[in-house]
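Okay, structure first, notes after.
Per-chain numbering from 1; labels A, B and C assigned in written order.
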Amino acid sequence: MKQFISVEDVPGVPQMVDIALDYKKNPFKEKGLGENKTLGMIFLNPSLRTRLSTQVAARNLGMEVVVFNIDKEGWALEMNDGVVMNGNTTEHVKEAAAVMGQYFDILSIRTFPGLKNKEEDYTEKYINQFIKYAGKPVISLESATLHPLQSLTDAITIREQWNQPRKPKVVMTWAPHVKPLPQAVPNSFAQWMNAWDEVDFSIAHPEGYELDPKFSGNAKIYHNQQEAMEGADFVYVKNWSSYTDYGKILNSDPAWMVTNETLKNTSNAKVMHCLPVRRNVVIADEVLDGPQSIVIPEAGNRTWAAQAVISEILKNR
Amino acid sequence: MKQFISVEDVPGVPQMVDIALDYKKNPFKEKGLGENKTLGMIFLNPSLRTRLSTQVAARNLGMEVVVFNIDKEGWALEMNDGVVMNGNTTEHVKEAAAVMGQYFDILSIRTFPGLKNKEEDYTEKYINQFIKYAGKPVISLESATLHPLQSLTDAITIREQWNQPRKPKVVMTWAPHVKPLPQAVPNSFAQWMNAWDEVDFSIAHPEGYELDPKFSGNAKIYHNQQEAMEGADFVYVKNWSSYTDYGKILNSDPAWMVTNETLKNTSNAKVMHCLPVRRNVVIADEVLDGPQSIVIPEAGNRTWAAQAVISEILKNR
Amino acid sequence: MKQFISVEDVPGVPQMVDIALDYKKNPFKEKGLGENKTLGMIFLNPSLRTRLSTQVAARNLGMEVVVFNIDKEGWALEMNDGVVMNGNTTEHVKEAAAVMGQYFDILSIRTFPGLKNKEEDYTEKYINQFIKYAGKPVISLESATLHPLQSLTDAITIREQWNQPRKPKVVMTWAPHVKPLPQAVPNSFAQWMNAWDEVDFSIAHPEGYELDPKFSGNAKIYHNQQEAMEGADFVYVKNWSSYTDYGKILNSDPAWMVTNETLKNTSNAKVMHCLPVRRNVVIADEVLDGPQSIVIPEAGNRTWAAQAVISEILKNR
């Protein structure tokens, strides 16, 4: 594996899930793999799970880790080519990425979308600038439109929690939120579920919240949340802002918040969320504190997803 | 040891002092103890000594360390149950603590009091929420009302600096400051000294600065600083804001600042302070720069206190 | 080596270059040298290259590293002696440095000049306070007037890129910038080049930009950039604010920006810069993206400079 930016970079979803679950059983089985190698973790945005689990994963493989909040500890980056840099940016990504490529064996980076300029965000301008200039493998710690470490985690969690011969019905449902959020998590979850033949995947959202079709693909779309829930085995909850009316909040109907009532016609569905989650806005306390929620073990699996990804890149296969 | 939040968690003060002084003689004697274990260090507030010494201590035991300024690098935490999270907090402690419990073998956390709501502070709401949801041993890096790593350090320092058969007279004296400070350090020092039969402990402070009796216990209280100083072997200097008139500054009399004059009737007392100290407000230059100050070796002992605590938790005894 | 603050601390420039280039060939040849030793890296200012490369260098030698953004994660420091600390500073450098000296085997620190008070900056008050009180070897990660890790890097880079018997002509040229910058990098580069008999060194700058003569020494000075460029083998580009009219911008003539035209009479000179560089203000895109720029491998050499310095201090020779 040369980079990890989307599902298209992996040899296959089931293979990655297998590798991750093997590490979960034996986290330190390849502690020499990363010896004398350093992972650089570059943050342009906040992070809890990704930041912490990826550090643990890299150390499990014997890698050194250097964490760098580039915006707060370093310099403001210029991402546009050809600019006369007489304004607020101090260093061009051409230099920043290339220099970090000199120090690190693998670069990982988190960069959120601005949610103002759809084209800029959807061409993944920022992470692609890093990839272009780093000269080393790049791992996405969440980019403008995708969050593949989260989606691999979600596949691991579904596989782990499912033990029936039939395919589980996995429903991703939009839920309300007070701020406009990126589409990265839902795009990515859709992309991975569509690429994975172990699940039956569908999406529920209000009208106007259609995701970019290149990610939602052939997933069945419901505009009626209750209809979507029928017989669901896994309910994946997530807010996102509109893709079509880009970055806007079009709906804040609290009826879309996931409660016990929402889940009543599911097949005793497990409830997933990438976290952080605003309680009683996105999901009700009764669900998060109840027996159907698997958000904590889901977050725990972030370590094994990261470890699988880093190991495959170190093995360069 | 299952957690380290107060003196009540330790098998005994003398035992902990012995363990710490053994590590001081041989810091690397148990470098394999923490192998493949990770300490998470979570900061909601600034820290110099605690932050740096605890990292060194954990590495001396072969542990991995992950430092996380959760407020700046992660998400704003909600600490109250049942809230509709449509305001400024992004993640509930229920998830944050539980998720970090998935990644770390031991969690340590620093969380200062608000000094507005006495009951909230004195029920140790914040650190208790972490303990409740982390599912892993928790070490206090200073909480709303206690700072046990500092107090263990202080006991180590007193033992180390004392070589007479009689018990030393240890006097904690309030001193002025320009800002309202927590009572955590004096509460904790009083709690540890009261629990330790190797010292004779008393407290000097202006009226209105009485500490919570559950911490000051049976210590003799003086409202006249000079009277308290008579024959003191150790003078422990610290400002705190009022407990009774909660969080208020009631007195800023510079006569309470510790100078050479203050110390004249002591038994050539050693002067201690947890640091940081505002020079010429809390303690005069002449004292801090003179032969009676032991604030630097005291701070140096933070490493051995932390190492004793982490090792006891790793040994789970 | 007892400290690394300026060229005066090293046994000799060629020796240090040799040591660094040996590490570049075999980064892990002395992985046991730093075992059970800890490097503290203290930042009062932003840093990318220094921060990242020094961490990698220390780990290559098996040292532990603790990074500390003291202003953001710790306390505001008082640097002046005798002050009544009733203002905005919380901890005196006397304590902060001495305490960190208790935890670390080597302290490294970055502290920029204020550019307001020439005497304060040029007596290197801040880093000298750290040296005075730390009680451990101190490495400059850039101080008010010098940046020796950068200059050693530059010497390494020149040696590496030069393979002719004659001495290379090295020209440092001032270039415009939108903000007043320290003189640390040009002072230091001049100091190292003057101390190194492998190069023929000169400086080009507009009138009013004379450096402190103790650093510029006997270097030939040109006020005409084109004249200086004649036959240059290395062009070292850097902006700085005025030393004589201290901290001021006296000139912003874009004709001093380095373009392909600027380089036309050089001996196909390699172009160097310490980075970050404001593109199309200091150096044109055409140069930075062209074949004459060596700024990226130059930045890569930061690791070997830091490794040479740390190893010499660890060896205490």
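Criterion: a residue touches a chain if its C-beta (ideal position, glycine included) is under 8 Å from a C-beta of that chain, and two chains touch if they have at least 3 such contacts.
Computed from a prediction, not measured in an experiment: that's the story for all the values here.
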Arrangement of touching chains [line / ring / star / complete / other]: complete
Rotation angle superposing chain A onto its copy chain B by C-alpha atoms, nearest 5 degrees: 120
Centre distance in Å when chain A and chain C are each reduced to the mean of their C-alpha atoms: 39
Overlap residues in chain C, where contacts from two or more other chains coincide: 72
Parts of chain C lying in touch with chain B, wherever the complex brings them together: 36, 38, 40, 64, 66, 68, 70, 72-75, 78, 81-86, 90-92, 94-96, 98-100, 102-104
Interface residues, chain A side, partner chain B - complex: 27-28, 43, 46-49, 51-53, 55-56, 59-60, 69, 72, 178, 275-281, 285, 288-289, 295-297, 299-300, 303
